[in-house]
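Across the two complexes that follow, subunit A remains constant while its partner is subunit B and subsequently subunit C.
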Partner chain A sequence: MAIQEHDPLLSVEHLSLSFETTESSVVVLDDISLAIGKDEIVALVGESGCGKSVTAMSIMRLLHSPPAQYKGGNIYFQGEDLLKSSDRHLRDIRGNRISMIFQEPMTSLNPVLTIGDQVAESLTLHNKLTKEETLKAVVDLLEKVRIPGARQRLKSFPTQYSGGMRQRIMIAMAISCKPDLLIADEPTTALDVTIQAQILELLKTLKRETSMSILLITHDLGVVAEFSERIIVMYAGQIVESASTRELFKTPLHPYTQGLLNSLPKLHNLETRLKTIEGYVPSLGKLPVGCHFHPRCSHVMPICRESCPPIIEIKQGHTCRCFLQSEACV
Partner chain B sequence: MFSYIIKRILILIPTWILLGILIFFIINMIPGDPVAIMLGTESAENAEIIRERMGLNKPIVERLGIWIFDLLRGDLGESYFLGRSVAQSILERIPVTLSLAFFGMLFSVIIGIPLGILASLKPNSLRDTSIMGFSLLGISIPEFFLGLLLIYALSLGLNLFPSGGYSPLSRGAFSWIRSLFLPSLSIGIIWSAYIARLMRSSMLEVLNQDFITTARAKGQTEYIVVMKHALRNGILPIVTAIGMIFALLLSGAFITEYLFRLPGAGSLIISSIKKRDYPVVQGGLLFFASSILLVNLLVDILYAFIDPRIKYGKKS
Partner chain C sequence: MKNIKNHLRQWRKNRSLFIGSILFLMLATTVLLVPYIIEMDAFTLQYEKILNAPSKSHPLGTDEFGRDVLSRIIIGGRVSLSIGMQVMIGTTFFGVLIALLAGYFDKVDMVVMRFMDIMMAFPSLLLAIALVATFRDSTFGVSIALTVVYTPRTVRIVRSQVLVLKGEQYVEASRSIGVAPLKIIFSHILPGVLPVLIVQETFLFAYAILGEAGISFVGVGVQPPAPSWGNILGDARVLLREAPWMILYPGLGIMCTVLSLNLIGDGLREALDPKRQKGKARTI
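This part shows the complex of A and B:
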């Protein structure tokens, strides 16, 4: 489903991945295809446990094997297939051309190493710098992510920082080598609302300055609406819909996406209760037969209980995995 | 930090006095009579005279008072049997005990920490299972039996080391190390089993932490991820354990000392207990207890240097 006219920066094609143990095998990613263009912000949206973070980790090849096992597909980054790359080559890419910010700023920094050491780490790994150059670069980075008194804080430890400041440090580390792609895995979920806004604003500014692409993983549609240009919706290990942000908010096609948007609070209609999607996310080990969403779907048809709909392009740049749409197409 | 250390040392004083009282009562409550042992089969007529001369006819509380009073002046008393002061007979034994504890600890750390790390890197693999199997063996094997095996293999078999006896450092470093090698190895293997186990579980916990993924996502090599990011965190519980083990070794290597005929503090205490040599037992136990207290203090101070999250004496 290559949507980009030009060659995308990252293109994941039909990626399948499962977690294998001696007792069981659970398909975690099922035929994931997505593309991120240069200078683009793409959001990957879905509930907890739908495979968003695993997608991010699988792009970086950071999943442990066992249990993770790639079952097929390709991950092309700037034309190279990351699934075929050597460990050494992957290490050259990680933190350098693709970098990542994680959900939990409280635990994502090493508690026994100084902030300065940790920010300098990727810099010295991927660049040949003298001590003074590194020091200067670290201070610049900390100033860039708006850490006050950067020079005095190099010797401090993560425990002396608040959650929002730690996330700024994570961002400083992630952008230190001017990556082409930044994967932000729920960067604001663990932070309170005002700090969330600051962090998103910071990411936006940095993006404008450096022209990197961002893959934003989140379950917060509010964040997505104002931040990303394109949205990919995931449900139970599959991509169910993908469209530009404007298009998706205007005409959501998949019943799950519609349900998600309906459950957002609306400013002009505060009286009614928020709508919810009935039921729970199925566990990936016990997926229903047929469409993964059918037990919770209000438009369920007999065919949905028998087979899983394919993902098809409904109109230019808008794909959906639902029999309602393929019926309409036919 | 400095005021914290001072505070900790001041707390040691009441702890120490309490310990002394406890030790004194326990030792003096054991049935048995040093005078009877001293006299053997001789007539009991002299017993009263000797008892009076040794101060044993006084009530126990008075004897305690005298002992504590002497203690505060730095006098541990005279041994009943050795013809020397208690302080002197303990001091004679300290170099043996200390070097045995040191080398034993060295072996256990050198063997245990790498094994624990290796096991943690590939949990449930063949390597992990074999290391944990070795560890289980080390934990279960009786100290004397391992010692005998080592004597049999390395001393009687290959004739590399003496089967026992102690050669002090003053008679040359080489023979000193040779005489301590087997007993230290025997202690080292047993404690390395514990350390390997502890290290493994501590590393497994750390390796699952988010900041390890962060380090990998930076493109860091697996070696640095393990040796810098994980080890600095994973070693913390081991430092506590090493402190405890060292304190234990200072007081508790009786069996190894006996087996290898090392004149250490452990064997001094055991033989003194048999003879009811009260002053030596009291002094010795107090010495052991103090070394445990001191080692604990050292470990706590060391912690502040390894773990920046720990700041003593400061209100956060």
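This part shows the complex of A and C:
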């Protein structure tokens, strides 16, 4: 599915964000543009520290300011500009129309409150419900995320649950108000592989039932391949490539994306060593001049060291930030 | 029922909590209930019995006006304990409120904590004496003065815990579902502060009793003829050679109370802080 040009659910346009302290200013997000259509699953991939989570947090305006400072751009959600919304309005949106699942299920639940109270919180915050209605809704939610014996477990505490169960409770909280957009920030990173598969399967089922859109943040391309419809690749605070999943796996255009795909283990090719991308992700405080990726790029050209390539649409729905591609276009 | 039994066993296993709470309960029941059972006269002046040594009719002797020392210690204990209690409630209320707001809102923090620093820098007894002087009703005045003096201690300790909890992911998660700041503070952060607070306030109870004794000893606290442990000691100071019983027993009263409260505090800390539990692996 290509980018739906008309009426996306969420559209982020040229968003720039920096972390400001008294000594320094670090650009964390540089000219981020992305769009998520209704009923679509989009994946945001990239190495650690490239700005994936910050992107998610900035969409929900959850970053503390200071240090975070929006430098430009717009975030439109269902036609409203979130950067211009009041705190009160944002609280109405959070948990109700956009909600989020965090990376660490072990620490995302308050250890001193019962599961029932915590799941009920979002519900009662955004809806007017009587006690019985809330109770029923909470039990329904817990059953929906397949917590066995939901009614008996309302009074239990997070320490009595395993990581996978806690993540399912986080999902229950996130979907309690039937949000239009669910941001899942590495929902399976802290879990083992079988639980990971269960959680992803659960998210997929829930998505089918409620037709919400999902922005999945991950560094696991295997997860992305089977789960998402479109992939956005980030590197050092910038989007470097964006395409449909099929397209991206078939013809990756950016050398970084190619490097990522080459470093995946392949079933039919039993090489002894996996390929890697040379070097490290640069620190955001000390970005190289020109294209951020050029020190690690195998196709580096003189121009890459001088200026940063613009992001351009190579094909319908496939954009890339690389001089190799723009040269090819000309 | 089984649960209660389990709790009782835990309580008995925790030595300092067990001994401290038994001691404190004994003192408190004596001070509170005995005057209802045995008639106590702490005020009648009997000039024929001035400075009598302990005897059958006056087990702890009499003071310079012939008043029964035992009665005065018990009635005075009520005053001391009630001041301790009032200070504990006062510092809990104001301390927690200030600490929660200061810990959560950075802008409030800057102003409030500098003010607390100034108050901490002031000699606390001196400040309390100055404050007591401005209140007429001496017992309540002492409570207010000590509350003002001890609130910064509670604020400091609770605030540091708030700062820790503020960074927890579950607080971030509750922001992500649209919970308003004040609700986050009271329903997500406050419960996490409670263990630290309970321990701190137990110690504060002890501090307040010592503080009251100090102020009244100097003579500006609880005013005669009303007895308190502090002013009995103060009166007895000049008679130390003639009537050592006058200074010994109220001193013992203060010591036992403070000791019992400190033991309770230590015991509670051990019971409530998972990191300090002996012989138990910490479960996350």
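Note that the second predicted complex is superposed on the first by the 325 of 330 C-alpha atoms of A that agree within 3 Å, B and C clash if a C-alpha of one lies under 4 Å from a C-alpha of the other, contacts with A are read in each partner's own complex, and residues count from 1 in each chain.
The rule is simple: contacts are C-beta pairs under 8 Å (C-beta built on N, C-alpha and C of every residue); 3 or more make two chains touch, one makes a residue touch a chain.
Just so you know, these numbers come straight off a predicted model, no measurement behind them.
**Student:** Subunit A superposed: clash or fit between subunit B and subunit C?
**Tutor:** clash
**Student:** According to the stated criteria, A:Glu104 is in contact with first (subunit B), second (subunit C), both, or neither; which is it?
**Tutor:** Once the two structures are laid over each other on A, A:Glu104 reaches both partners.
**Student:** May I ask you to decide whether A:Asp92 touches subunit B, subunit C, both, or neither, giving the answer as first, second, both or neither?
**Tutor:** both
**Student:** Taking the superposition on A as described, I'd like to know which of subunit B and subunit C A:Thr159 touches: first, second, both or neither.
**Tutor:** both
**Student:** In the superposed arrangement, does A:Glu313 touch subunit B (first), subunit C (second), both or neither?
**Tutor:** After superposing on A, A:Glu313 lies clear of both subunit B and subunit C.
**Student:** Per the contact definition in the header, classify A:Glu47: touching subunit B only (first), subunit C only (second), both, or neither.
**Tutor:** Neither partner.
**Student:** Counting clashing C-alpha atoms after the superposition, which of 22-30, 40-48 or 148-156 on subunit B is the one that bumps into subunit C?
**Tutor:** Given the superposition on chain A, subunit B and subunit C clash at 148-156.
**Student:** Considering each complex separately, which residues of subunit A are in contact with subunit B in the first and with subunit C in the second?
**Tutor:** 60, 62, 90-96, 99-100, 102, 104, 107-113, 121-122, 125-126, 159, 170, 173
**Student:** So in the complex, the part of subunit A that touches subunit B is made up of which residues?
**Tutor:** Of all residues in subunit A, those touching subunit B are 57, 60, 62, 90-96, 99-100, 102, 104, 107-114, 121-122, 125-126, 157, 159, 170, 173.
**Student:** Going by the contact rule set out above, which residues of subunit B touch subunit A in the complex?
**Tutor:** My answer: residues 209-211, 213-221, 228-229, 232-233, 306-309.
**Student:** So in the complex, the part of subunit C that touches subunit A is made up of which residues?
**Tutor:** For subunit C paired with subunit A, touching residues are 168-170, 172-180, 187-188, 191-192, 283-284.
**Student:** Could you please specify the touching residues of subunit A with respect to subunit C in the complex?
**Tutor:** Where subunit A meets subunit C, its residues are 60, 62, 90-96, 99-100, 102, 104, 106-113, 121-122, 125-126, 159, 170, 173-174.
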